[in-house]
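Each of the two complexes below includes chain A, the first together with chain B, the second together with chain C.
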Partner chain A sequence: MSKITRRKFLAGSMAGGAAIAMAPTKKAFGANLEGFPDGMGVLVDMTRCVGCRSCEAACNKEQNLPEPDKSFDDYSVFDERPHGHYRRPTEKAYTVVNRYDPVDEQPVYRKIQCNHCNEPACLTSCFVNAYTKTPEGAVIYNDKVCVGCRNCMIACPFGIPAYSYSSAINPIIKKCIFCYDTRLKNGQTPACVEACPQQVMVFGKRKELIKIAHDRIRRSPVKYVDQVYGEKEVGGTGWLYLSGVPFQEAGFNISLPSEPIINNVKDFLAIVPMVLAIWPALFTGFHLLATKGKSHGHGDDHSHDGQEEH
Partner chain B sequence: MKKLAANGIKPHDAEMKADGRKFSLMEKLLLGLTLDQYVQQVIRNKFNWLLALIFVVGIPLIIYRFIFGLGVVTHSSYDYPWGLFLGFGLFCMVPLSASGFMLGTTVEIFGRHDFEPIERLALLNGLLGYFFAVVYLLVDLGQPWRLAYPMVYSFGPAAVLFLVGWHVATYLSVQVAEVSTAFFEWIGFRRGYEFIRKGTIGLTVSGIILSTLHQGALGALFVYAPGKVHPLWYSASFQWIHFFVSSIPAGLCMVICVSTVVIYTMKWRCDQRFIDSLDRITISLAKGASMGLFTYLFIKLLAVAHDNEWAYLATGWGAWWLFEMFFGVILALIVLGVGIHHKSVALCRLGALITVLGILLNRLNTALIAFNWNLYPEIPHIFEVIISITIFAIYVTTYRFILNRLPILYQFKSRAEA
Partner chain C sequence: MVNTGKKFMAGLAGLFICCLLMMNCYAMESYPEEIEIDVLSELYQGVVFDHGWHVMMTEGCAVCHHHTTGTPVVDSYCAKCHADEKPMATVSCQDCHSSEPVTAGSVREKDAFLFHDDKPDLKAAYHLSCLGCHQEMGAPVGCQDCHARTEAGDAFFRAGQFAPTGSADSSGY
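After this line comes the complex of A and B, so read on.
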């Protein structure tokens, strides 16, 4: 009995060894990203937001975005429902504020922009690695390598990246970059955060923001829902939200897993080295078995070249 | 061509003419007809008129898209970044082209030489399907001239699409090599032919590996979007298996469908060996396809059970899912089963057609219809539809052009036999 177990064990480790030997040739699929411990983030306290849209205006200016269709002091945008849904960031607006009307409550305003995930789905889905999570916490994008497959738009669980379809020669992804080039890199506060007249947003280290958020909840348990959105969602996000109404009533997707999106793909990525290692031996074996004792080799009777003299 | 054949004119099918001279390239291209005869038979064929009509409308639209950008031919949706070009062109064309590796395996690996008459058709079907999937991709990419970036310039190896890109590119070259034997015969380059034939086993095995992985990878692409794809079409652990397993009946049934079209419209081009063995092969392929379909049905149900999604079946989406399963899988299985049992080639062909439609429905559901199920449905822009049809028409034209000429449906008579 011990013999059999031993042989089985050996066979198993052989296959495993081959799999490992093959793996590096395929450049470490399923690379894991560790979040940066000192990454920055922003805590958005929705109970303070009055929907003035100053942040939208500030972002527009900071990022040199085109004139908006309606000016930033026009509040009729809150009633717009493109495709029957609330507004979302577009190629012309990296951030938008929406008004939600929960039953029996004051309206709630929510600012939407890239959440700068710890393990961004956009980044892991991109086959040219156009995205980078910087140590400062921003998820930035390199338009020089982007091929325009738009897989990142499929993958982002928050529906953030937009695409400049209208450009024929240089269409690119457009999304909030945490004001990386102009501000974050130098440790400065993002434009939208700075512009807010209500101090809705706090800019700081993500680690500390989480403490502040829980502090606020502890001090005013009646005012806040006991949850910090973004603390756990899809592996944690750099931007975090506090709310006075249940998050789904402010349009948040509360069905997101707490695992990063890339974890879903790991099942598949794990089989890649196995297939690479096992299939060649398996099918060559099949071939030898299936054609053993047959004389016609590879069955070249497409050409009848038997008559040729070599 | 039928008429010409009735007048005793034989299409070009050998290296040498009856009088012992070699065919020139021009003669080969014109199928051994004179220019007049060739042009006349092209004009006589009504199907060519339809194709011409599609090209007249569609080709300017494709040019229009490249001059003015994607924005003018699509709805520029941020929520549906992948429209028909990928939903149909990539996600449907690739499984329907799994035939190459399936029959390559059967003939070359398992030594089932009784399938040989159809092997080349299956290989060609695979090659063209992949090639045109890439054409669709080129139309869809924002910056298609950067297509080679993931291969040579900037790598995102953790991305499933990276794997798809590499594999489709490698597999295309493998398929070019496999089909090139037919081309080398036709053009009269014996050395090349023999060189490739020696590597057949290697090519076939790499075909199996690449196919397993990228057929599955196409499914795994949607695993990035939990919550966007409706749970009934989504399965984190099984998605790649679903896509891989369903590509088996898809590829086999596509070959049955194509061979049916061929035998009815291009019989003049088929040799006796092909005509005589087609009925037998069709039934055998149908057997293979029904086994694949059965496995597929089983793992589809397994996934629903695994994620405990039975409750969704009672909703409208559930009804649509059940329709897909009943029509595309169960009905197809029944028709194929009856066809196999009664050795009815016609029923097997009908079953194959249903299977192909079922796979189309499944891929379109996953990529477009049940995608963003909790947002809004997206109806593709009319130009997007026309361009998709046009590319498909180019595919059909190329397919016919090659079938008419290269020794796919017939065996090339080399010098020794002519």
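After this line comes the complex of A and C, so read on.
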């Protein structure tokens, strides 16, 4: 419960006003870097993944997700580059596996889903408190509360939350919930982890997973890159990765800070209340622009914007 | 998928108890020619593993059986302790590899065999061993190259008669 209180405090302080949000209370967060001491996680050993997509199929079934665009045994998805990028989770697929082709190496398959951060930027960025970090380690959300503002999509350093357009009236964010409702809260292994024929993933306490990961590296120093991705990144994530190739060659962002994103997001969020306040004015402006065609005042507006940025 | 693992393991366990009776003297070059792995009966049909052929093709029993068959140990990690190992009473996979899914807790459980931690569970022991070698040798690696899928499997993978029709697309793109 203490975390929930803290979350409320965080969100409250952010929604409360720019003055508080602009002053990062870094010390308060620093003490919580480890998250819940018994938080669960998953260790993903990419050296074992063969790209069979069983995990994707399992997630689809477990989460009652809509029909996929292609069968889960269709491997042409690995060559897809929607919008010029590798596949990412969508509102219809909470996890996807991508194939990377490092030079002079065998292909590498990387399963992605929410990493269930210790200090989730999605949670911090949400000004209606839709997100919760549970003591079990899952980052879940209440879709009844979500207003579809997409702050979390921008805030997440891993590009995870996806936006559901299925309902125009109630658009909501969708993402992997660590099988919280059906499994995690009963201490059970997530569906994707269980389905994997290669035991790419091990489920357990994050603390123990980190030890297992380092043991594997120590035991096979040639096989693994000497890094556990997610151990330090953005304050630590519940899902951790081992790789046989440098992480950037498997599409990982290796320039993430080891501190939580919270502080940056808070700066970003400071403008949210302001945006809300000027929302009607903004739309009136757009409307005028749209109906009036080219505006004489455009040049003035532009210089005005420039001033505001500084 | 919840029950698949359990059924798979139960099937394997039964099968290997039978096999065990047939291969109690591995080092004496007596081994089963065929092993039917009648498992994953939910998503896949049973696999008839041509054990005899694989015995012929591999360098030695230890490629798969580590240090248990009395043949020269291949893995240098195993060889640290088991360089001059005698044949063991049991050589079947399921005697050492748990049919329960591995978790962090079970991996880190300390037992008398200090260096036997982080053992893959039975399902993974098979796939890691088989697929690892198949990849290296250029042998078939597709799921259905070894397992024929059942109707339930088709439904799980949304393939065959369960293939996407496209009509259910509600993403609005």
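Annotations
Note that in this section the second predicted complex is superposed on the first by the 229 of 310 C-alpha atoms of A that agree within 3 Å, B and C clash if a C-alpha of one lies under 4 Å from a C-alpha of the other, contacts with A are read in each partner's own complex, and residues count from 1 in each chain.
By definition in this document, contacts are C-beta pairs under 8 Å (C-beta built on N, C-alpha and C of every residue); 3 or more make two chains touch, one makes a residue touch a chain.
Bear in mind the structure is a predicted one, so any value in this text is a computation, not a measurement.
When the two structures are aligned on the shared chain, A:Ala121 is found in touch with chain B, with no touch to chain C. Within the superposed three-chain model, A:Thr90 lies in touch with chain B and with chain C [touch as defined at top].
In the superposed model, A:Met46 lies in contact with neither chain B nor chain C.
Partner contacting the larger number of chain A residues, of chain B and chain C: B.
By the touch criterion defined above, A:Glu208 lies against chain C but remains apart from chain B after alignment on the C-alpha atoms of chain A.
Shared-chain residue A:Ala191: touches chain C; no touch with chain B.
Of the two partner chains, chain C is the only one touched by A:Pro66; chain B is not. Once chain A of one complex is fitted onto chain A of the other, the partner contacts of A:Tyr165 extend to both chain B and chain C. Comparing the two interfaces of chain A, the one with chain B and the one with chain C have residues 90, 165-166 in common.
Chain contact summary for the complex, chain A toward chain B: residues 26-31, 83-85, 88, 90, 121, 124-130, 145-151, 153-155, 157, 159, 161-163, 165-172, 253, 255-257, 261-262, 264-265, 267-269, 271-272, 275-276, 279-280, 283-284, 286-287, 290-291, 294, 296, 298-305, 307-308.
Chain contact summary for the complex, chain A toward chain C: residues 43, 48, 50, 52-54, 57-58, 60-62, 66-74, 90-92, 106, 165-166, 189, 191, 193-199, 202-205, 208-209, 211-212, 215-216, 219. On chain B, the positions that touch chain A within their shared complex are 66-71, 74, 76, 78-79, 81-82, 105, 107-113, 116, 120, 140-144, 146-147, 149-150, 153-165, 181, 185, 193-194, 197, 200-201, 204-205, 208-209, 212-213, 216-217, 219-228, 236-237, 239-240, 375-376, 407, 411-412, 414, 416-417. Those residues of chain C that touch chain A in the shared complex are 1-2, 4-5, 77, 101-105, 107-108, 117-118, 120-121, 123-124, 127-128, 131, 135, 141, 143-144, 156-159, 162-166, 168-173.
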